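Accompanying notes for the structure given below.
As written, the chain order gives the labels A, B, C and D, with residue 1 at the start of each chain.
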Amino acid sequence: MSSVMTSAGAVARHRLFWPIVALAVLLLACVLKSNTFLDITVRDGHLYGGPIDIVRRSSVLLLVALGMTLVIATRGIDLSVGAVMAIAGAVALSQIAASDNPESLAVVLSAIGSAVLVCLLIGVFNGFLVAVVGIQPIIATLVIMTAGRGIAMLITGGQITTVNSAPYKTIATGYWLGLPVAALIAGFFFVAMALITRRTALGVLIESVGINPVASRLAGVRARTIIWTVYILCAFFACIAGFIRSSDIMAADANNAGLFIELDAILAVVIGGTSLAGGKFSLVGTLVGVLVITTLTFSVTILGIPANAVSLFKALVVILVCLLQSPVVRHKLRARRRATAPAPVEVPA
Amino acid sequence: MATDQLTPSKVPTAPRQSLGTRVRRFHVDERYLPVLGTVIVLIAMLAIGGSLYENFLSGRVMANVLINNSFLVVIAVGMTFVILTGGIDLSVGAVVALSGCVAAWMFSHGFGAAVAIPLVILVGTVIGLVVGVMVHVFEIQPFIATLAAMFLARGLCYIVAPESIPITDPTIVALARTRWGTEDGLVITPSGVIALAVVAIAFVTLHYTRFGRTVYAIGGGEQSAKLMGLPVARTKVLVYVISGTCAGLGGLLFAIFSRSGYALTGVGMELDAIAAVVIGGTLLTGGSGFVLGSVLGVLVLGLIQTIITFQGTLSSWWTKIFIGALLLIFVVLQRLLVIRRR
Amino acid sequence: MTETAEPTPIVAMTGISITFPGVKALDGVDLRLFPGEVHALMGENGAGKSTLIKALTGVYTIDSGSIVVDGEERTFAGPAQAQAAGISTVYQEVNLCDNLSVAENIMLGHEVRRAGVVDWRRTRSAARDHLRTMNLDIDPKSSLSSHSLAVQQLVAISRAMVVDARVLILDEPTSSLDADEVARLFDVVRALRDRGVAILFVSHFLDQVYEISDRMTVLRNGTLVGEYRTAELDRVELVQKMIGRALAVLEELEEAPKRSVAERVDTQPYVQAIGLGRKGTIEPFDLDVYAGEVVGLAGLLGSGRTELARLLYGADHADSGEIRVEGVPTKMRTPRTALARGIVYSSESRKTEGIVGDLTVRENIVLGLQADRGWLRRISRRKSDEVVNRYIEALGIRPANPEAIAGNLSGGNQQKVLLARWLATAPKLLLLDEPTRGIDVGAKAEIQKLVADLAQQGMAVVFISAELEEVLRLSHRIAVLRDRRKVAEITNSDDVTTDDVVHLIASGGQS
Amino acid sequence: SSGGDSGDGETAGSGDGGDGGAISVGFSQVGAESGWRAANTKSIQDALTEEAGFDLSFSDAQQKQENQIQAIRSYIAQGVDYIAFSPVVESGWDSVLEEAKQADIPVILTDRAVDSEDTSLYVTFIGSDFVEEGKRIGDWVSENLGTEPINVVELQGTTGSAPAIDRKTGFEDAIEGNDNISVIASETGNFTRAEGKTVMEGFLQAYPDIDVVYAHNDDMGLGAIEAIEAAGKVPGQDIKVVTIDGVKDGMTALAEGKISYIVECNPLLGPDLAEIIKTLEDGGTVEPRIVTKDEAFDQEGAKAVLADRQY
């Protein structure tokens, strides 16, 4: 195992080098602007501070990107994640709001349970369209992307459903062992997925299907089931992300919950080194991608970038990271580094 | 060609008539099936709409579908080139906004139409070129390169035109007002004509030029195309330039359509364009599809909007659900038709 | 061809070295091509033949060395430039666009134009002419993907003829062609040679090499062994130079693996197809395959052998007839169903249907095994090490590195990986479609031996090969196909000759 | 506010207005992006009912101008009697309004104005004055909090949208003379709670001494409150929050003292719209610009109206 680990590790380190540098630069800029940014303080036994904020804030995107990574590895794409987040929040919160006792843990759990069920159904639906009917993923998931928010609004009656429920609030703003619960949840699923994909054969089968679906099918891989599974997983993770997002503001905002998050998630996945053409994926890469994007968003506020220039700022950072990460530039940089080394000796014929 | 003059030294054993030829029960080429599916479902949609709503099949309504979507037609045409090579262009919506904003800014600063119009289209071309270089030279995935271009163009919008700017330029106003056609509303606007011309040019380019065939070849397999000695590099850059230019032109048409420039126009328009292309039977993996299919795709989306308006009783959320459902019915039907015929 | 005064080479490559991460694929190799000669490039799988070709045409950039074309030092940025310089290449794997028609694939980039627009009628008729030179009578308008690999290979060759080339490079053009096609191709090659074209030819068929080539360059392990005149190097020497081993191996090679005498232990066939067929692909046929028996499929290109195997494997759905596995009627819905019953199929198109390119050799080899076990029960590292190492050694896969990316392996080695995948599942019935395609002489003998041994140990094998000798050598029974129909079935014996089979094919079983 | 009771009167009078059949009205809504918008839609749908003598065609433009133009063209093709719409953007309506004018269909704008120079293209505009709203907030802050040096952070609406631009301008105008007030940061929160919270978290990190949060709508304000509380501060005391809109959640927070001041932006335009159409139908004339009377609430005011707040 160790040889795989080290060789894969070396490649990963290389590929993720620039994203990590970007992360460091952004953090540095934030520290320069606000000196206390990186300080972590303990208050009421909880950790506070910029890094903790970033980690907590990353949880939503990490969950969504986690599912997205798997979908992308099979050559797919899931545009419906934002809508699924909205539905998750809508189902859970309207059920809590309608109950007599929003503070009761049982109520919250049953609300979460039914929301998960609904979201899984959506995953099944997406997977069915892609794997069985054979509709192109982007269009198949566009259906829920469009209709999903409608469904969420139908559930909330077009209003923003607000509730007060301490157990539900814990999901996003609670702390456990001094750490934010949201980050723990995302971390748990991240680690679980990393283990499941690499300790079982799921990861390699997903990659196989993504690289060459025809060959995989002929090799006896249940391509259809695998594709179906990743869409279900993706919806599930989006659902959890939806809980965190709605718990964060204690309101189900059917219109805005997770709006455009699919783009951020895809961006994170790609910055993390997974190709949109499917195949080899890296969950660690996705984690780095998520941190870069969350920090980028966060730094906009810290650095006080004018609202009108936010887009431009994001574009420049993304372009820079991608350019530096690109094979051509990497090659050039390596060549320059090598130029100082002795030239390869000509081998006589 | 050299080999033509070769005389075989050995008479072939037996000409194999059946060799490699497939038994065909249907005479429709497989490649046309998705488009055919789109046509059939489109006709069904028209029939149902016509039977449900008064005035639905009137010339005016049908003409409106084209007029209202002429900018989308142009964008979808550009998008078709990109998707045929297996790429994607997410920047078009933002480029539409940017060229609209630039147009509005230029007109409000006293530039004439003769200067402004080419420059506005050029804005799209330049962004397309930037994307093309990112995709080809730096091998950045199209999705990301164009996403970055989308942020970039949107960001520039806020700088050029933080608020919406009306356009009062006489040329634009005239272009917006002109209608050719019959009294009963079956009319066409200059924008519509431009859109149709773009479609025609694209059709010829894709099917009757080497460049066009290279586009398809790259979609079929970039590596193969390279080994076949085709100009892959140039073609790949060029498709993004074309898409950017189309988006620039689309922005101009949108500016004519709305007679204003606004930083927030075209949010999500790239998805509409992609949806139109895919609904029109083009495969996102590249290599297969037709520009006419994309036009049909735009018409489908336009028709869905029209049905929503004619329905008139849908709440906001039912509107979304209804659009989703129509889309679903559409793609599933189309898919089933294709499978059947196969 | 006799070399009198040494003419100037049209291509002279000297000291070419190319390094891939972890592999030194070429190490100071020279190659000279003269006008009007057929030059064979010889070497084992992974020796660097394809890499050398790609170095010449600019697909790979060379680390060192020089390339002189027509007396001028050149470095091509890609095949497009090489083509412009008169070098036309057919690469090893079929590299065409299967979304386009046959005509387009032939004429892409050379379409007949009038006033800037493509004149499709004339383009198609030009394509048809080129197909005719290859004796290929297919509809130029038909989609490339509707044709078998062999036809695609012929189309690729036709494409190479479109350019008025001074150098024609053919990398294993004959690997899936049968005798007639090869003869036809050689006619064309000779005609071109006589007109002064320099031809570089790669093949693992020694007969073919000796039939067509004037000189040869031998590579071993990325290094140059030498340049020889074909007439002056006999086969034994050649093979020795290629594999660099003693003669003993060679004798072993000559002593071809013999099919064992079939002694049927089972009374019922392991797999029985009754009236199995699929409209437009293959007519209903009956076929029994017993354990311990090799059934060869003979037929010309396009006769439906591949289709027959695919039906047995459930890769395509049959629309008539049934399959019985050990007497039990079984619906082969997907390859998985077949796999679960111990039936495996190694496809002829390793690039599109076989190898999962970006996965490692290890992952590719255990893929079938893993698919059979399901995703939850991952094959342990120990087990996979054991399996992978066993087959890397048994089949001589090179580089012998389980973590190498399979897509980067040489063509022949990819084929071995594919075979390993299926052997690793310890199947009951092995459907082999062109398993020795592109495999070097040494390995081919090994594989044939392996198949014979497996059959002896009780495995049922269906063996498809364009090489009739091979089929005859290995099979106990031979089913003959023609025009997508099974026309005859004969029991093999030492008296049966290739001519008998050819006759059967030609007569459609009416003998 | 203005339309409430008169609208009721109109409803009663509509029984005899049914001589020429129901009045057909096409209404194109911007979308359903917020609770405010949902209330606005509901108000219109509730006012222009069949019982009241209307035949309402409603369409939702999903925040896209092209959809809205398309819808209006469609209404013209359908030959409705009146067209009403809340424009997504201020500019870009001339062409389609000209078409409506040619077809002799009166157009009424609701909620947001258009910047057309030719005011004959529409009959009237009913809605709020966004600049005025920002100004009123600014005045209140200036008078009540700006008596000593304070730091204000601003949560802007969607970048480039008219309410965001106007509310910013209005506020800046109002505080211009007061040197005590400094706006130390201004970032967009896209009118949503989640982004309001996110941006506020950033502000709290970057600026340790914030005194006042000015949010362009209630939702962002509510998000900011969550962030303030999470940071262990008390909204309304440590940091004061002022917002615009006055939706129910906002009013509740105001009543609880978490928000300090709200300027209302009345979404209940339905009754006004019904009344205007009836007036026009009866041959009457209406003012070209009807600005709804928006109230402003402090804690006491909020408590008073909260009980019968419906949206």
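Here is the rule we use: a residue touches a chain if its C-beta (ideal position, glycine included) is under 8 Å from a C-beta of that chain, and two chains touch if they have at least 3 such contacts.
Being a predicted model, the structure only gives us computed values, none of them experimental.
K.L.:
Which chain is most remote from subunit B in terms of Cα centres?
P.N.:
The most distant chain relative to subunit B turns out to be C.
K.L.:
Just how far, in Å, is the C-alpha centre of subunit D from the one of subunit B?
P.N.:
The mean C-alpha positions of subunit B and subunit D differ by 36 Å.
K.L.:
Distance from the CA centroid of subunit B to that of subunit C, rounded to the nearest Å?
P.N.:
41
K.L.:
On a C-alpha centroid basis, what's the spacing between subunit A and subunit B, in Å?
P.N.:
Averaging C-alpha atoms per chain gives centres 30 Å apart.
K.L.:
How many angstrom between the C-alpha centroids of subunit C and subunit A?
P.N.:
Measuring from centre to centre gives 44 Å for this pair.
K.L.:
Of all residues in subunit C, which are in touch with two or more distinct other chains?
P.N.:
Residues: none.
K.L.:
Residues of subunit D that touch two or more other chains: which are they?
P.N.:
Each of 31-32, 38, 41, 159 in subunit D touches at least two other chains.
K.L.:
Could you list which residues of subunit B touch at least two other chains?
P.N.:
157-158, 162, 315-317, 319-320
K.L.:
Which of the chains are touching one another, listed as pairs?
P.N.:
By the stated definition, chains touch in these pairs: A-B, A-C, A-D, B-C, B-D.
K.L.:
Give the list of subunit D residues in touch with subunit B in this complex.
P.N.:
Contacts found on subunit D: 26, 29, 31-32, 38, 41, 45, 56-60, 62-67, 69-71, 73-75, 77-79, 89-95, 98, 115-117, 158-162, 165.
K.L.:
For the complex, which residues does subunit B have touching subunit D?
P.N.:
54-55, 58, 60-61, 64, 67-69, 71-72, 157-158, 162-168, 173, 176-177, 185, 254, 257-265, 267-268, 302, 305-306, 308-310, 312-317, 319-320
K.L.:
In the complex formed with subunit C, which residues of subunit B make contact?
P.N.:
Against subunit C, subunit B makes touches at 1-4, 6-10, 12-25, 30-31, 204, 207-210, 213-214, 216-217, 219-221, 223-231, 287-288.
K.L.:
Once bound in the complex, which stretches of subunit D touch subunit A?
P.N.:
Answer in residue numbers: 31-35, 38, 41-42, 156, 159, 185-188, 190-195, 197-199, 201-203, 205-208, 219, 222-223, 226, 230-232, 249, 311.
K.L.:
For subunit C, which residues are in contact with subunit B within the complex?
P.N.:
So the residues of subunit C in touch with subunit B come to 59, 78-80, 82-84, 89, 91, 95-100, 104, 108-109, 111, 113, 116-118, 120, 126, 129-130, 133, 135-139, 142-143, 146-148, 151, 159, 161-162, 164, 180, 183-184, 187-188, 190-192, 195, 279-280, 300-302, 483-484, 506.
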